[in-house]
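Multiple structures are listed underneath, in structure tokens.
In what comes next, subunit A is part of two complexes: it sits with subunit B in the first one and with subunit C in the second one.
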Partner chain A sequence: MDVRSQISMVFHLDKCIGCHTCSIACKNIWTDRKGAEYMWWNNVETKPGTGYPGKWEDQDIYKGGWQKNGDGIELKGAGKPRSLTNIFHNPHMPVIDDYYEPFTYKYLDLIESPAGDDQPTARPISMITGEPMDIKMGPNWDDDLSGSPDYARNDPNLKNLSPAEQQAMFEMERLAFFYLPRICNHCLNPACIAACPSGAIYKRGEDGIVLINQDVCRGWRMCVTACPYKKTYYNWSTGKSEKCILCYPRIESGQAPACMHSCVGRIRYLGVMLYDADQIERVAAADEPDIVARQMDMILDPFDPDVIAAAKANGVADSTIDSAQKSPTYKFVKEWDLALPLHPEFRTLPMLFYVPPLLPVMASVTNVDNSEQAEKLNDISKYWPDNWLYDTSTRELFGTIDDARFPLEYMASLFSAGDTESVADRLKKLMAVRLHRRHVTVGDVDEDTVAAALSNTDLNGQLADDIYYLTSLAKFDDRFVIPPAHREQAIEMMEFTGDAKGSTGFGFKVGTAVRGA
Partner chain B sequence: MNALNTFFFVAFPYVAVVTFVVGVLYRWRQKGFTVSSLSSQFLEGKYLFWGSVPFHVGILVVFFGHVTAFMFPRATLAWTSVPVRLVVLEVTAFVFGVTIFIGLTALMLRRFTNPRIRAVTSRADLVLELLLLAQVVLGLWIALGYRWGVSWFAAGLSPYLWSLLRLSPETGAIFALPWVIKLHVVGAFSILLIVPFTRLAHFMVSPLQYIIRPYQQVVWNWDRRTIRDPSSPWSTARPKPTDE
Partner chain C sequence: MRGATGRQIGLVLPILFAVAFPSTLVEAQAMGEELFRSTCAACHTTNTDRLVGPGLEGVEDRRDREWLLSVIMEPDRLIAEGDTIANRLLAEYLVPMPNLGTTRAQAESVLDFITDASGALSVNTTVLSDAPITEDQVFFGMALFQGNTRLVGGGPTCNGCHEVINDAVIGGGILARELTTVFSRLGAPGVRAIIANPPFPIMQQAYRDKPITEEEVDALVAFLERADAEQGLHRPRAYGIKLFTAGLVGSMILLVLYSVIWSGRKRASVNQDIFSRQVRST
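Right after this comes the complex of A and B.
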């Protein structure tokens, strides 16, 4: 058992309101630079939709991630033979138009244009060439299902749905969507690291953050192909690849990453999980239906004395083990079995987990007669002359999950490599918690229904309350349990602190003149 | 004339090689951030194929051909003593030379016509590409006009290059060569000279180590086996030696 610690994340999709505040916080800090304008280390996508870059989930196009090769796995579009033979021209490299051409506007024209008959306009100009351009795409132009025929209809996750099911999803009255915020997954089996010919990408042993050494990156751009989530980006100006750094300077000083700190819906959780690194290879090569379960098995119980002993022997700090025991992500992922990784079939073992969204799944539409109501209205009042009712009633617990507006196959394609069972399990749990709290606070759900729902999902009142607390009431320190980085020890790695004793702080950078005898 | 010859074939090569070695080492060690292939495939990926692939493949073959004739002149002469082999070698070299020319022309056309590529073009890129183009044209000219270069390179130029390496330049042979060949030699050292100052430095960091390294890389800031071991020293850093 090779116990290591990993900073992991949970995004609670039921709480995401799609406001893009996370994206902006990230952009302002990290990617507001030349060559990085198009990069969104954090982005929010509407599902169903094609996302950013377009259709990134379709690995027939982008050849990202790993695929099975006999008993083992190999990179799909990169790897040793392919990376070296394709180094002069990478056939699976997305180009900027797959993302969007970054643009700004000539705002100065608004005030500096000579007086005339027409209103001056601020023309869009390309941030690459500086020339006027026609904007064809933005990073989130499929937001809220806009342009559905072009975007949502081409969602790669619809592949496994029958034409009838797809038709049903896009009936105007049944339309539903949810948001999918994405950052780098800081995987346990990262395809980007494996694909890098220069060896510039690495995983930090202490906390598992995946980083690109900018001094070593040579712009061979294989990581862009290899990452199935398309979360490494090529900076066209510096000729180096860049990616989400999980705000490690913030994490090292005990602050939450900017996207998480700024999250309006408070959907984001961050904490340590201990895992067994010896299992990585075998789990990554597991059969497709088993991957999720096997990945969950890799994550170790931080209260188990054997695990603690093995962790200590492996140099995991006591403070990190303590953080692992308080970790909100461990609760969501392992203790409560509520969260799932995004596209586990890419075999990178992502350590960002999602609590699947309940609302768009659960609500249904029923036919009602509104004519009586409409007659009472004033002549000039506007009303929507349809006979549909958006019904979010929660009584028929397990019935509604099965005939939800979102086919479970769709969710399963996103979160469990097609296994509808594991998605349904998690949705049922979320529903049971909801019923339980409804019973406690409103009281219009009878006790038997609640008890049945809880026992069917292996929950009890206390557990349901805990889930409810961490979901709805959790304070900052409950949501982000950041292990101390022990920078004092890091300093001692590099210099003998005794040298600086009696000096200014940690000493002078450059030696001073020697004075006195 | 002799002074000019001496400058270009004695002084200049040394200046070029020293600048190349010192410059590349300095840039690689101290300014790693600036060393990149500066690929523009992300901005334009379709036409690049028809330029980049022929250019690189051609230049690899031709470059290593030159290197082989320089390193093993006797073996080269012996091997090419059979006329058929010589002809085959010459034709192969010429074909790959033409490949470089086609690739480079395609790359330059792309650079001048595509506004996105123009936006990432620096002056150093232009100097480098023009120099490479001149060098390729001269090389093709020599291949056509001064046949059996494989042989006379090994017999005449290789000894000159080796004499430079031994720090006792023998310039008799090179001074007597036609000006086209002289220009090609000066061009070669010019390219060497500007490597540290251009994107060409990327060929010095060809990722061959990738073949032998394991796929996954984990970097530890501290030695995790000893960091929490009470019997290990509390700091792995050593005290700085003092003068006193």
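Right after this comes the complex of A and C.
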């Protein structure tokens, strides 16, 4: 047992309102500079939709991630022989139009234009060429199902659905969507690291953050092809690749990453999980339906004395083990079995988990005579003389999982490599918690229904309350349990800190600056 | 800062004195000799011996001083302007004198040196060995010329700039004179002088601090003499249009090969069909 610690994340999709605050927080800190204008280390996608870059989930196009090769795995589009033969021409890379051409507007024209017959306009300007351009695309162009026939309809996750099911999803009355915020998954089996010909990418031993060393990167861009989530980006100005660094300078000083700190819906959780690194190879090569369950098995119980002993033997700090025991991600992922990794079939063992969205919002417009109401309106008010109706509600308050607005196959394609059962299990738990809380706070759900829902999902009232607390009431320190980084120990491994003692601070004889000289 | 100023004045004063009162006369003479040895001596002597150009003993008696100065400074302009004496000399000596960018002060100091040195002091840096050239020398020279053997001083290989028509030598550069007939044009002393002590600015720059040894000069001269003597026997293949055609066909084959190897490549943005439908402002 090779116990290591990993800072992992959980995003609770039921709480995401798609406001892009996370993206902006990240942009302002990290990618608001030359060569990085098009990068969104954090982006929020509408599902169904093709995302950013377009159709990133379709590995027939981008050849990202791993694929099974006999008993083992190999990189789908990179790896030694392919990298060597394609080193000067990487044939499956996204082009700038797959992301979008970054633009701004020539705002100064609005106030500096000479007087004329027409209003001045702020023309869009390319942030790459500096020339006026036609905006073709944006990083969230298909937000809220805009351009559905082109984007949502081409969601790669729809391929397992029958044409009838797809048709049902896009009926006007049933149309639904949810948001999928994405950052680097800081995978346990990262394809980007395996693909890098320069050895510039590494996974930090102490917390598993995946980083690109800018001094070593030579810009071969094999990581761009290899990452199935398309979360490494090539900076055209520096000629090197970059990616989400999980705000490690913030984490090292005990602060939550910018995207998580700024999250309006408080959907993000961050904490340490201990895992068994000996199993990585076997789990990554598991058969597709088993991958999720095997990945969950890899994650170790931080209260198990054997695990603690092995972790200590491996140099994991006591404070890290303590953090792992308080980790909200461990609770969501392992203890409560509520969260799932995104696209586990890419076999990178992502350590960002998603609580799948329940989407219970139902609408019911019944056939009522509203002529009386119409009488009260004045003449210019708009009113509908027909009493057309639709009904997406269900017999019971929340309905059943099988009535969910999104087919389970769609969710399974996103979160469980096609295994609908594991998605249904999680959704049922979410539903049971809601029924329980509805029973406690409103009381219009009868006790038998609640008891049945809880026992069906191996939950009890106390567990359901715990889940409810961490979901809805959790404070900052509940959501982010950040282990001390112990930088003081790290630096002592490389240099003798006594050398610097007494050489900074007060008590030095240096010349006094001459004022006004 | 204030403390430093005093020290600086102490340093500057002696320098100012040195600049203001130089031993002008002595220095000018030394400069003239230095210049003559480094630039003129490749082609000229201060006695009556003819090298590449005429021997210069008594030249100030034969020609007008102003004319001599303009020849030293801008010989190319003189020839271009149709000066009769300059053109007659060119017809006689075949090699035009290069414009070395000499300033008027330098030209005068060189001329003064020639006048002083005439007859009495013979400046002739080229020492011809009487030994007949050997086969080894020719081969060594060939190796040096095309860079199979590096020059000891680390200077650039001859055929980077020069070409010699010879079956045994690969084609050279066209940046400088073609050297097949250089031996009959300049003769052994001229060729030796130019290699050992190049008068041309670019060649000087290229071999600055990278001197060619005596042995190497001998070998190169031997090779050039042989190349000149045997030029009639050598007929290097002229590829002409065939080389171009072969290159064109070769690149076609490579392009076809590449398009087969990378036939599964991603050709355009996944949203290209959407973009092509979009309305453009231009």
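Annotations
Note that in this section the second predicted complex is superposed on the first by the 460 of 517 C-alpha atoms of A that agree within 3 Å, B and C clash if a C-alpha of one lies under 4 Å from a C-alpha of the other, contacts with A are read in each partner's own complex, and residues count from 1 in each chain.
Here is the rule we use: a residue touches a chain if its C-beta (ideal position, glycine included) is under 8 Å from a C-beta of that chain, and two chains touch if they have at least 3 such contacts.
Quick caveat, the model's predicted, so the values are computed rather than measured.
After superposition on subunit A, the partners subunit B and subunit C are seen to clash. Using the contact criterion defined above for the overlaid structures, shared-chain residue A:Phe332 touches neither subunit B nor subunit C, since it reaches no partner. In the superposed model, A:Met93 lies in contact with both subunit B and subunit C.
With both structures placed on the common chain, the touch criterion links A:Arg221 to subunit B but leaves subunit C unconnected.
Looking at the shared chain after the overlay, A:Phe11 reaches neither subunit B nor subunit C. Once chain A of one complex is fitted onto chain A of the other, the partner contacts of A:Thr50 are limited to subunit C, with no touch recorded for subunit B. Shared-chain residue A:Tyr62: touches subunit C; no touch with subunit B. Between subunit B and subunit C, B contacts the larger number of subunit A residues. Using the contact criterion defined above for the overlaid structures, shared-chain residue A:Phe103 touches neither subunit B nor subunit C, since it reaches no partner. The clash between subunit B and subunit C in the overlaid arrangement falls on one stretch of those listed (166-174, 202-210 or 220-228), that is 166-174. Within subunit A, the residues touching subunit B in one complex and subunit C in the other are 89, 91, 93-95. Interface residues of subunit C facing subunit A in the complex, by the touch rule stated above, are 1, 262, 264-266, 268-272, 274-275, 278, 280-282.
Contacts from subunit B toward subunit A in the complex involve residues 32-33, 35-45, 48-49, 52-53, 55-57, 115-116, 118-120, 202, 205, 207, 209-211, 213, 215-228, 234-240. The residues of subunit A lying in touch with subunit C in their complex are 50, 53-55, 58, 61-62, 89, 91-95, 97-98, 132, 134, 136-137, 147, 150, 517. Interface residues of subunit A, counted against subunit B in their complex, comprise 80, 83-84, 87-91, 93-96, 128-131, 189-190, 193-194, 196-199, 201-206, 214-221, 224, 234, 236-240, 280, 312, 314-317, 489-490, 492-499.
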